[in-house]
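Have a look at these structures, which come just after this line.
Note that chain A is present in both complexes that follow, paired respectively with chain B and with chain C.
So, the complex of A and B:
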């Protein structure tokens, strides 16, 4: 799917140049190695995201952060598009809203997200996105695929019914824990997250059981065992601290 | 001014959405002053009447009876509201959709039955191959997701619709 995650996101060089651009008609400046998404957020402009997580290398998997850039009819994933001098970016338009809603609808239709009986109900980023984007129903049919639940791990569960293929688990395991237990197998609609060489999680030899993948998972796909409906809230704030501490040590 | 004719129907759901509707407490009097409830699981009437202004549907479309009912309801209703996740997404009743109907019946009436193991063939309507959201069968005008949608949202939506304005649905979502 994507390139193998690098060991650590590159630290910004102190001498990096500054670019000036407009985002939603606002003149802003950003370092040349900053993404449009980061530049927007630095200026209080919110762009919806799902696969993006502070502390992990952006991959542009979910496409929710797409923006319009003047002079091009294409849309750009703002998490992986760097700022440019004189760029004119639009982060919200009727067209973008339509695409974002459709993306969320397709995510819901692709698997069996039955929010009402999910351990992550009320703490789910997909559920929140549907709410903020105004997705009150699906305009595409549900696929209702038959998908397995891997509960072979001693402490965690992998429920493919609720996976959105954001690859946060793949990235946190490879980039931060350094175990690279997770990967993506298959393509398109058949893509699945796998552990080691597509074997039960509980039999994985590389998994350290650290649980980082569980905490960064935006939905109820990776969860702790023994949680009931609504009980699984995730803690993602450890990630920027870990990254920061490591940067400090390398200096 | 004549009152708005309101109906509620209950397809494949747990009646929790009807409970949430009643959970608006004394505010229901405000609604009652403006509508006439012409049909509902709470009203003792067998036939769904003609010329209904607003119908609130709870539940997904699971059986041949549901299918017949929702088509008939749609043809006799001006404004159709899908209330709750079962009506909007098929939700829990739709969890059987990954299995074949025969397997579902086998599970319910043989594997999990101690006495008189048999598939009911009288009175109980036959299941459709899949439980489907209402809008996959007939056009729906307003969607109120939630399991159940909060009473405040139901009340607010009804008042907006009676006032002829667009309901604010930002306080509800899939799940709860």
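So, the complex of A and C:
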């Protein structure tokens, strides 16, 4: 996948102007190259996200961060929508809650997310989302697909049953590590993350074994070997730090 | 350097050569007739002409689509104004015999029939009239005149103004004002700019772009060069799906011919304007018709859409301002510049100017390609031009706009066919596919068919489209099989709302449309399936309860 410089500038342009807008009836100010999501977070307003991760190019894929903007009947993915002067943003409404719950339900129905036996149980972003949004059961039927587990790598495991296709692994590998081991194969409901040209992870020639993909994975799809139920917690803090250090050096 | 004089010289030579031969037999060699072996018919006719030594007075030519695909292979005898349909190689001797002696009644088609008489052709004006593999014939039909004339007589912004004044709107489906798009790209800052022709026609039952590319490829190249001049681009790409091998072959040939004549390449017409065109082939993904996915595909990446803004007009191919227009939109451009925007704006309705090409398919007598002024009532298109539903069956619905569109019932047929009216009916104009369904069609199955299409074609990037279409398809399967209850129907409606409102690109946002429109107009069909499902469920429950009751 190609990273687009226009989607989110790495460093604020010196000429970037400050805009004032309203988020959930609160007046906030933000640079014009900031997304609604960033502006909201800067002001302590939490919007649910899944594919978004600080330090990676936003892709707007999970659709959980959608917000309402007054004057438009359309919804906007706040991670990829830049702020505008006088914008009136609503981050939480009955309609948004309804959609977010359904999207989380769709994710649970898509593959085999069985928390009770998952190494990421208790440290899983999908599980957290379900709890925050009050998804106690599914109204859509489970699809129960038969999916493989790739444990060919000496230190890591890729369990397709837990993957939500957020593309964080694809982005961190391409944009931060620079290896581009991960990509997506197939399309629609048949899409899968793959290593190299769809060969076992363990035989990948491009994988550096850095483990960044494992740390940024929001669920128990990419995990370290040797962990039992509830033992796999992820460390994503390295990413903003790396990004910040690289920006410093380029200036 | 080619000039207006050179063009008229070529045109005159070509016309004189044509006039020297009294009889012209035109054989349709576009995909539909070719699939019925019109190439064999052409061969047989050529042999027959040769065998009788009539080569000086009779010429057999391959031409583009003649329109009435249902009755192919089609052969037209030009000056006599005779059309033969369902021609086989065995008919060749009779056709040659009949030259100048009255037509062969056995296979003669009626050119006065509404199918031909009610059409008005701009985009298809050369289809079936010129040999798509010879640039001279396009030039003889006033081709490239607009380009060479415009380059020397008009400023780029002047061209944009002409297109704006014509009122032309995008023919890819959404109907965005073409002039406005051109002006945006013209004004966008960029060291480079690109023009892309979107020929990734993928709607089931749609074949308008294929016909234009196969029958009149130079028209697209001329339109692209004019667009390039207007917006300040020097490079164009035609994105065609690989499933159209004949269109690709003819485009390649056309590009080479235009380059040789100096109508593409450096310093066109002796001006400082340079413009080259290259082909890019789609690998079979419907979503690549969406502009940002198409751009990703041209760049060599995975064809998935990205959020807009930024729009391609601002940041498109490799980050440069990019103009993306549909094949039919670009095909209108040379004629608009040749005849003037006022001429074009007189055709059609106040908000939808010009003509629209439709591909008639499904339960309709005259399957084929037509071009009519915007605003013609659907009833006239389907019953007069299309000849109505065959085999004495009753009309049920017409589906416009492919998987993004909706089904329109009998009650909507008197609405004029333009962008606004179709939207009011819960459908869209779309790219021009029109699938007619008769009384035997189950509308639940129609919705299921289109949902399966969207599910298969979803790229998988965003959650609502990837999982939502699969869930909706399963629900539609259950409803269709009589296995569903009211709960499943309610869930289906809820998912339609979620997928429509939250999907990333147009594919997902419009995927629920066939379900929503059939639910709106044919809810009774869903409800009778649900009633069957409820009855089965009740029966099932009773069967379970019975042994328990018996034991007690």
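Annotations for the structure displayed:
The criterion applied here is as follows: the second predicted complex is superposed on the first by the 242 of 251 C-alpha atoms of A that agree within 3 Å, B and C clash if a C-alpha of one lies under 4 Å from a C-alpha of the other, contacts with A are read in each partner's own complex, and residues count from 1 in each chain.
To be clear about the criterion, a residue touches a chain if its C-beta (ideal position, glycine included) is under 8 Å from a C-beta of that chain, and two chains touch if they have at least 3 such contacts.
Just so it is clear, the model here is predicted, and its values are computed rather than measured.
Superposition model on chain A: chain B and chain C are shown accommodated side by side without a clash.
In the superposed model, A:61 makes contact with chain C only, not with chain B.
In the overlay built on the shared chain, the residue A:77 is in contact with chain C alone; chain B does not reach it. Legend: residue contacts after superposition of the two complexes on their common chain; A:22 is shown touching neither chain B nor chain C. With chain A as the common frame, chain A serves as the apex of an angle whose CA-centre rays point to chain B and chain C; its value is 100 degrees, to a multiple of 10. When both complexes are overlaid on chain A, the residue A:130 reaches chain B alone and has no touch with chain C.
In the superposition on chain A, A:141 makes contact with both chain B and chain C.
By the touch criterion defined above, A:116 reaches chain B but does not reach chain C. Looking at the superposition, the partner that touches the larger set of chain A residues, chain B or chain C, turns out to be C.
With both structures placed on the common chain, the touch criterion links A:183 to chain C but leaves chain B unconnected.
Figure legend note: chain B and chain C, brought together by superposition on chain A, show a least Cα distance of 7 Å. Of the residues of chain A, those at positions 141 touch chain B in one of the two structures and chain C in the other. On chain A, the positions that touch chain C within their shared complex are 1-2, 4-7, 59-64, 66, 75, 77, 80-81, 98-99, 102-103, 106-107, 109-110, 139-141, 143, 164-165, 167, 183-184, 186-191. Remark: chain B residues 82, 85, 88-92, 94-95, 97-99, 130, 133, 135-136, 140, 143-145, 147, 169-170, 172-176 touch chain A in the complex.
The part of chain C that touches chain A in the complex is made up of residues 285, 287, 296, 299, 301-302, 304, 306-307, 310, 315, 319, 455-464, 466-471, 474, 491, 494-495, 498, 501-504.
Here chain A touches chain B in the complex through residues 108, 112-118, 121-122, 124, 127-128, 130-131, 134, 136-138, 141-142, 144-147, going by the rule given at the top.
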